[in-house]
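Encoded as structure tokens, here's the structure I'll be asking about.
Order as written gives the chain letters A, B, C and D; numbering starts at 1 within each chain.
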Amino acid sequence: MIKVGIVGGTGYTGSELLRLIAQHPGAQVVAITSRNEDGLEVAKMFPALRGRLNLKFSDPAKTSLADCDVVFFATPHGVAMAQAPALLAAGVRVIDLAADFRIKDAAVFEKWYGMAHSAQDLLGEAVYGLPEVNRAAIRTARLVGMPGCYPTAMQLGFAPLLAQGHALVDESHLIADCKSGVSGAGRKAELGLLLAEASDNFKAYGVAGHRHLPETTQGLGAISGRSVGLNFVPHLVPMIRGILGTLYARILPEAMDVDFQTLYERHYHDEPFVDVMPAGSTPETRSVRASNMLRIAVHRPGAGDTLVVLVVEDNLVKGAAGQAVQCMNLMFGLAETSGLEQIAASP
Amino acid sequence: MIKVGIVGGTGYTGSELLRLIAQHPGAQVVAITSRNEDGLEVAKMFPALRGRLNLKFSDPAKTSLADCDVVFFATPHGVAMAQAPALLAAGVRVIDLAADFRIKDAAVFEKWYGMAHSAQDLLGEAVYGLPEVNRAAIRTARLVGMPGCYPTAMQLGFAPLLAQGHALVDESHLIADCKSGVSGAGRKAELGLLLAEASDNFKAYGVAGHRHLPETTQGLGAISGRSVGLNFVPHLVPMIRGILGTLYARILPEAMDVDFQTLYERHYHDEPFVDVMPAGSTPETRSVRASNMLRIAVHRPGAGDTLVVLVVEDNLVKGAAGQAVQCMNLMFGLAETSGLEQIAASP
Amino acid sequence: MIKVGIVGGTGYTGSELLRLIAQHPGAQVVAITSRNEDGLEVAKMFPALRGRLNLKFSDPAKTSLADCDVVFFATPHGVAMAQAPALLAAGVRVIDLAADFRIKDAAVFEKWYGMAHSAQDLLGEAVYGLPEVNRAAIRTARLVGMPGCYPTAMQLGFAPLLAQGHALVDESHLIADCKSGVSGAGRKAELGLLLAEASDNFKAYGVAGHRHLPETTQGLGAISGRSVGLNFVPHLVPMIRGILGTLYARILPEAMDVDFQTLYERHYHDEPFVDVMPAGSTPETRSVRASNMLRIAVHRPGAGDTLVVLVVEDNLVKGAAGQAVQCMNLMFGLAETSGLEQIAASP
Amino acid sequence: MIKVGIVGGTGYTGSELLRLIAQHPGAQVVAITSRNEDGLEVAKMFPALRGRLNLKFSDPAKTSLADCDVVFFATPHGVAMAQAPALLAAGVRVIDLAADFRIKDAAVFEKWYGMAHSAQDLLGEAVYGLPEVNRAAIRTARLVGMPGCYPTAMQLGFAPLLAQGHALVDESHLIADCKSGVSGAGRKAELGLLLAEASDNFKAYGVAGHRHLPETTQGLGAISGRSVGLNFVPHLVPMIRGILGTLYARILPEAMDVDFQTLYERHYHDEPFVDVMPAGSTPETRSVRASNMLRIAVHRPGAGDTLVVLVVEDNLVKGAAGQAVQCMNLMFGLAETSGLEQIAASP
């Protein structure tokens, strides 16, 4: 039984980790920290866990995580970089769901996140936790930086196009028009996230530049081996969970005869959590609600020169906590799907 | 492995049965019928099941269900009564999620449902599938009539009050103000259920008399051994799943000193799927979303003579498919919680 | 043109006042104060007002409201009582949308609102702003305390029953099961009001005792001339605007022959903003969305001894800002409906 | 007072026409037809109109519309083309909200709408009802074909870029990623539009080709005088009203120095219903909810070569009924804004 610690368990990624690990046959949460909620029963804050998790939040200052096999950071950016070195030194593996270990170039991190990076020596070792791209490295990693929710959808959506050794589409001008449910903004009391403000409403945000952009261009570049240009516009959907990415790429003249449906099906043929749907499909976010599946459909409207790729995931599961558990399974030699086989609750 | 047949699997209770049984360690769906969808892959209609259920809908006229161990009817009222006799004769157990076997008095059934009852000889044998009330009878039943979604909430909410041998509240004047998500109306194309009509909106319906009323008064009478008077007003909530029942009962003068919190806690102490919350709680439907739990809180505002009992359940799980699987588990000697341990997905 | 000042215009009642008065033919907002937003263009905060209101928030310390004809307080409780005396002395009329002048008994106010009342000498003069009950007094009032949103629905829903000189129902045991959209909680950043928390969810709150209770029992007592007993349970609906009150009253034996439909129709026959719907109706909140109408339907299920009265209103309009404008119209001799004739936007 | 007839008043565009014209100072609905609802009071179907519209639906076969000044068709495609000739011959002006008179090329119409065009001789005369583009022609038109909801957003969003005489962006590869509330699908009972299916969910649809595509490319071509290439992907948002178009265009090298913010502001400077928001804005659909405003924001992420234009409108108002009233005002010499000055109801 893997002993799991969670740092910062009062947000949505933290509570989703709790939900998943409480149902995991091979792992158990033994400690969960919160600066503000020391001593509070977890199930008091999250009544869905009543009877399923008998644990209290504990003050991080008073909590030793060195006995854990793995510690998840479900914290604001900056916490994991401060605590990871000591945990790693104690032989604990670390999975960070924040951005501290996503971006390889510390200067890029510092520009987009507005804080100095205090553990730059770990950036080289840290593995980017996208199993469909980095599976082998994740298996042996001590330190994993989990992708953001949007970057997971964008990278897995574009990957088959970019991974072919030669360019199939205009890689300088990719467009990712992404839409997310509000839980992606986290469990924080902000006016714009109130039901009275955000429901029966739709808007774009972060058009000038969203933090998930540099992470995604880094990942797409790693997949293709070439630099890519990406326009990424996120939008806020009046729903709780789910991301749909609508990805646009202009097919190069020399690739007009490629069978993109087959390309995608082959690329993801053996993946347990990526489902390439039949041609003509329009995946719905609810088809992955509360599950770790990501579904993709490939379209080429009017048989023209534009490819439209639709990607759906649950931002809290495949986009965060589920993918983190998937990485944990790989790191500890468990079945990759262990504890992640919940079928989407739909309707 | 229990071989399960489902008659009428294209509605919400049917698809919820599919979701639950596909994750059940001891049962497997071997046949699912639909008059209109013969030959269609189930996962085509319900993409959430892609990769998890390899089965096609089959025409009921062409499908033998006699090899099943148990057949669930997730059909309109009237279908189960027509087909149950032959199945029972073939040794198949039957669990009906419609109303055919809920009401003991055929005349009452016929009045409220507007159809003759063609299997009245089975009404005596049929067991009402409310485990917290009828557990022993369910274990040995061949034929189970599952409670409606509202009746489950109302009966489990009032039961501790009524089961004490003597009246604690004015049983002639119970009030159940109930609120349900729209999935309770079924998967049918009706104007009033459109998102454009039902969202950002709230209304009562069925005020003059809802079919779940006679079933509930029958059940409450069976619990108390006395006849009860109930006002039941259902409302439509702009959400997908969930029922909240707000139950009002006037405390009798001789019961003013009863500790109702303790009464409820004791009554449900050993129940795996009924959670009596601490005093002062206000249960939320999302705390049971997509799970088989039902949560109760007991209030006595101003220490006055009115008891207010709050009950939440997922209408499709504890109010329908989950409770039906719970009955199946009992009927086949499995652990009662088998396949029903999903934690509510919240948020 | 009536010169209107608004104190505290950044909440929902404030912004709704702005929307209504910007479309009012006989009134104009000349000043709007906010402690935090001094100098900010109002339309910057509320883009719906772009091009329709050319006004900036101003610091209350720097703003003289003595030139206004009327000042609306859309503030937290306690502000109006502090500022009303000076305004009244300057000849300005005052309409308070908070609770400062709702409750006649300062001790009751202090108990429920947890603050001392600093303008008790005005409580006698203050008129309760429910036009259908107090129209004549409002016309000549200098100071009006507007009803809360729930109290408006409950009082107008029960009033015809209680106003008959003799009791028709058991007035000691009225029940008001009320449901409100989240805007009723105000424009404040609280976790429980986030879309991710409150949508696809339903719950009761304030069961132990809500501040709108003493105001309502006071109002009902004033209508009937007798003391009344009321159980009031509010619920949070995942929608923006709207209240539905489901009111229950037990008919007295001597009133079993009363034609309650006719009683209600006659009572509200001449009211421009109260619509008694035909027998059998189930009013929907969207039928009054963004309008000042309140609709009522009267039911007597099974011709029994329980009356069920359904009341819908928009909590921000008839339950707050619209009713306040209605009072302003009365106070200044305008047509009562002036500026309040918007038809509900439905769907 | 303009006498208005409405053919097909039971859908959302029809009911929205009723709402707007009932509040219009210069027009009055004198007849409204419905094949199925002959004799039904309109306010019975649309309770929001109770007390505001005293009119019954009438059978079209029994209803003479020749006395009307103008007839609106809020019908399925194909009805207006059948009835317009006779009405025009009788001197009645016709405004069609369906697609019959949108597309100039009958062959294109017939390909996309799957029906023959029976009034091709009127296609030349019909004016496309987009006032910001065709104001002069609308003033003198007898027959107006109203734009679709998406085409209104796309054309007004791209128009300033295309109307400059020379190309500023790659006009062969425009992308319009559009998102609409469900009312855009009309008031029809379809499974996919149920709240239980469409809420807490997001999906694309019509990716292979949506009927609004040929209309939009025709319109954009008319604006620019050049042919344009457009990828248009519509999405379904779990909200009632509103469209957001996220438009992408690649800036040509020779136009990299253009100040697009100023270009847009100048283009729409005098328009009463188009609001170019300040640089950096992200318009929300609720800021135009139930109003005739359309708001635009212009972005150029990272000062790169991609322009991102955000456009919001209420699909039922500026995207349908409101714009139709705007055309009526022009056709009859009324103030263009008459009856259309409702401020968006937000929240």
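Quick note on the criterion: contacts are C-beta pairs under 8 Å (C-beta built on N, C-alpha and C of every residue); 3 or more make two chains touch, one makes a residue touch a chain.
From a predicted model like this one, the values you see are computed outputs, not experimental measurements.
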Furthest chain, CA centroid comparison against subunit C: A
Chain pair with more C-beta contacts, A-C versus B-C: B-C
Between subunit D and subunit C, distance of the C-alpha-averaged centres to the nearest whole Å: 37
Approximate Å spacing (C-alpha centroids) for the pair subunit A, subunit C: 46
Inter-centroid spacing, subunit C versus subunit B (mean Cα positions, whole Å): 39
Of all residues in subunit D, the ones touching two or more other chains: 12, 181, 183, 187, 196-197, 199-200, 238-241, 283-284, 286, 289, 347
Touch list for subunit C against partner subunit B, complex: 173, 175, 177, 179, 181, 196-197, 199-205, 207-209, 229, 231, 233, 235, 237-242, 244, 246, 248, 250, 280, 282-286, 289, 299, 301-302, 304, 306, 308, 310, 312, 347
Complex contacts: residues of subunit D adjacent to subunit B: 12, 181-183, 185, 187-191, 193-200, 238-240
Complex contacts: residues of subunit D adjacent to subunit C: 12, 15, 19, 22-23, 46-52, 183, 187, 199-200, 240-241, 275, 277, 281, 283-284, 286-291, 293, 295, 316, 341-347
